[in-house]
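Per-chain numbering from 1; labels A, B, C and D assigned in written order.
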């Protein structure tokens, strides 16, 4: 049999952690198989095990069968495996920034990958150029000379895909290949992958949290739960009309509410003519240029835009962490001059909750931090109250950040921000890294906070669905400039600016549409 | 997510000793045992030495015998007694100099970083200065000025190694200040000094301690070099360094003189290095983060 | 006995060369003797022999010295040496070169004249016994040497080897002077002095990289065991002593009884053992030498340690050692440790300050100490030893800064005495005074070992560190092949 | 403009540093008891009166600020003065000694780097060899170079007679190399092992990149950037190591010159030697930083 056939794959990691327990799946040539499941259910480990890339350590046990075109990969030695990797199997890794050698230019890494897979030296330059264009990267000569850290997250992700395709593999294992991408680029990359599947008869095993996306791409969906596949079938069956409890819970979590229509209220936070620039060696990067917006009490404002458009920069400026070049930020007449005073009015929940928590401090210590800094009384009582508000169990207080789930960590960070009773909360990409269930939890929490506390919320995301779920109004940013703003539903339905239109058009259709439409290819911009 | 620390409650049930043993792992335990033994010898020092370490007790350069296990030195003094007595001084000098280097390099370094501005510049300049001046010169000058003794030697060695800690501290400081949780604390309104002391410094303890474990035996050997050049500890103090330097004069006729302290130093170094490795593995925040 | 062979280069590591200008040094440049010679020369046994002079006549009052120069002595530039050259050199040392160490000897010089090309007459203000001896280090150079008025860099002398290459602290090379006035000498083609600072020369010697080297005392045994090597010694000795603080003695240490007590405590044999190559003694002059006195040696009350006497004397003086601080300032060496250990053994509250060479000498000048153990190197004349005990002598701190008018007088009398036997008596008298007042306690003498490879023939070290003299040294040396 | 400005800033900083060192050494030396005249006097028999005369002649009778001023103004004119003990121009002495030290240091560094890198790589590929790395590490910590040097002379020159005991740089360079190799090998090995498990290495393997390319083009450069901060320690070790080796093996380098000058209180020589030595160390530090920048685009 050709294609990939995995039978009863079991992986025990040192620990011991039984990460994969009897996984079986098949990826025939020319097919797209989606693998979905909650965070930590074993998707990435399975992929690494198939490509035999798990780090060799004492305690690592891999058993079962991984047949590629009839050959058992688990029985091959390293040298034979090297011939398989790259040319027969390509892998796209989950975290693109970490998957690139930081000390080598993009061009050199591409050339190396091409050479390793037997490309003739004369043809390498041309092939590299073509590959980069295939994944939708422009300005390729400059890009080839660039270092990984000089690329935005989206660019890095596309480079990693190009590298995986360098050897013309007959099977591509793609782990969250589009998480870091904004909708336009995401659509473009997915189109490319589909083309390859169709043209070359490549098999694609696609791992993702994004159920609508998987539904739109895969011919078969596998639902993984605690190391095994618990549900499988065509997307319409598994995701459209889920029957297995795990699938059903997942699909339900992916359905998000819609924010209410915007109300008129007096503005609390007023941002005017904001300009932010970074000095990078000798030249200056103008990240944000003349941005203006207002948020009222109890209102959530969504800030969307392509990667690198300046969203996080605005968040940092509003939180008083970077000083803007010019412009004003005004909160009930106060300005972010004195960091201590400003911290009590405006709080930021950073993009990466794990990073924002000191690994040496327990949850309790993290929550006590604001009390220590500002010498506030009643820590115990206030912490208990806020915990209840964000829905965290007080039993978790003794744990360290690594012992909490992603959703718990995110809520811990929100709780810490709330302890200072700020008027404004800024959330930078609060849900992008979370699976469907966690994402929904966090979004519901944020919505509730706005409603109950009268918080002014600035939510930053390139996840349009998430923004639309809680923000009545959105501001669309492009290259540091506001190109559109207005009620979320309106902007989504009838975007006025071409770039907004492109962003919206690139969104995959919601799962709810699965029952009504056949959806093998994606509507394109 | 099953982090390394989640196993601790179970281990704690086995008592502190058991917990420590599990925490360190096999090699780490060996390292700890050696270190504890060395410290015990250092503490008990004089009580353990069979002979007066300063007074002659037999024929010069006598090889090891049943009475004198490690033989006698050039003045007929019992080498074992000198080694045992020297343990105390060497380890004391080693620890004191390492502490001084630590305090100067890491302590003042971090504080200077925290205060920033010209203070940091001044501090970095001073460290560059120390880094550039050969420590032997400093020791020579000090000894010429105030005479040999544990004080000047400790001071010279402490100054000499301060830049190493300063470098580790500064690199760590820069890394930590970029960490998400430091930015988060900044967002909570924390002052710069608080950021350094509460957030950055504890995360630097691991690397700095590792550095200290590496430096400590180096300090002891360096003292040998100073002794060789006649600017080591006081001639009455049988530090390991002095024993090595003195023994080197007779390396051919009485190799036991130099072998005994070198082996002792090797064992302690190995112990500290094993302990340091184990501790670092445990304190590394990346590993804690799983 | 083999016939001497000619040729070859002798590599020797002994002595130093601080400056190429022989008149400018301050007393530590013996290597220059191979290219620059003097009117006199010190033989291996310490006696003074004429060198560039054929003979010397001393007037009965000891004030006039007449040197009859040797004929046919040529400088390295081929010109014959005359008495005018000698006078020019004396004048250069006396008038031009300040700070050179011979200036002391020139102090009492009233006149120097050259009555004819081959005679030089010195007239002194008062008799000065070591005069001919000291002249052995007044090197005669050709006055036309470049830098005569300032500093000489390529000296033109009369020695058996010409000045060929000099790199400070690295090496000096002398090439054979084929016109040397001693016919048939030198036998070597060249000498190469290794003047690097090296920890242990005996290794290079054993490895065959060097023919002759001053070796550490520790190495003597190993070198002796090597059949290719032998050990020999300088003619003169170093004297080792313990000095009390004589300038401003502290606490009970001014008390003669206490000083005697301490003297009784020293085990001279054991002390000297830590120094090496020793004889025990109680005088500045080495046992067996002219100025040494056997009766005085036999009468030494401190020949053997006597701790009972020590205790009794201390008790008599009312000294409780445990409550008495005793500060020792010293170099860092084994005999200093021994000294400190001995004092500790008596129960004193010992503070031992060990420093580097100059640090110690400077520290001594503070006179805030009680005891210092010192050794002092070979000297061409006994006066050079005694002068250090005088009030105006060099480096007085080493001997506790003695300022003793009576002693000054005794030594002055001795040095101005013309008659040998009478002078010897006066020196002994002076020494007896030192011993009686317990200013300095001599423990013994040591000889500095020199390792010599077997193929080196006819090499005998000098009385002091000088490598060349009229009747021996490197000019005579040859290499057997 | 801005780039030039930055380079100018760095240069200014180093110049200030050198200035600081000069003044520090000057003051330190003058604080130390005893001067060159004491040394001369202790070697010979000059009287106290003569000592004073000599001091006047050598300009040692004025206080140290005056001496500093005199020395500084001469040094600015390019005149490093004359040795108090040898009467030779200091610059000649230093220039003659410099190549010896630089050669020895360079050879030692080369051997050390080769040894350290080779061992670390081998130990990464064959974990059994880690013991060798540990052994070398312990060796470099506990074996003082003077001790090894003496043993080296004994074995290679006295017993085997293969090499002259003095004046050659082979054994000294090897000893320094062994010392440095021991310092590098262990951290490098550890970092290599860590890097070998980095995600980007897994990614490279997933593309079928051969092991040789993996090691030389990816692992080693990445790990070297982690070991480069050790350079300070290594340079300090080089300075100490060359000093010891020069004294032991009779190599007429800067270290031997410096030691002799310190013991002889030959101030101008000490000053010049320290100045040159410091400049070399500063250059080495700058070179390390430049290398770091060349290797790692992130810190550019």
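As a working rule, a contact is a pair of C-beta atoms (placed from the backbone, for glycine too) under 8 Å apart; a residue touches a chain by one contact, two chains touch by 3 or more.
Fair warning: this is a prediction, and the values are worked out from it, not measured in the lab.
Of the two chain pairs shown, C-D and B-C, the one joined by more C-beta contacts is C-D. Distance from per-chain Cα centroids to the pooled protein Cα centroid is smallest for D.
Centre-to-centre spacing of chain C and chain D amounts to 39 Å, using the average Cα coordinate of each chain. Here the CA centre of chain A is 46 Å from the CA centre of chain B. Separating the centre of chain A from that of chain D, both taken as means of CA atoms, is a distance of 50 Å.
For chain B, residues touching at least two other chains, in rising order: 140, 144-145, 252.
Shown for chain C are the residues in touch with two or more other chains, namely 200, 356, 358-359, 363. Shown are all chain pairs that touch, namely A-B, A-D, B-C, B-D, C-D. If you check the complex, the residues on chain D that touch chain C are 32-34, 38-50, 53-54, 57, 83, 85-88, 93, 96, 146, 150, 153-154, 157-158, 161, 164-167, 247-250, 252, 256-257, 259-260, 263, 265. Residues 200, 216, 218, 221-222, 270, 273-274, 332, 334, 336-338, 340-341, 344-345, 352-356, 358-359, 363 of chain C touch chain B in their complex. In the complex of the two chains, the chain B residues touching chain D come out as 125, 128-129, 131-138, 140-141, 144-145, 160, 163-164, 167-168, 171, 214, 217-218, 221-222, 224-225, 228-229, 241, 244-245, 248, 251-252, 258, 262, 265-266, 269-270, 273.
Touching chain B in their complex are the following residues of chain A: 15, 17, 40, 319-321, 339-344, 347-348, 350, 352, 354-360, 369-370, 373-374, 400-403, 405, 413, 416, 420.
Contacts from chain C toward chain D in the complex involve residues 18-19, 21, 24-28, 98-99, 101, 103-104, 151, 167-170, 194, 196-200, 203-204, 206-210, 356-359, 361-363, 379, 384, 387-388, 392-396.
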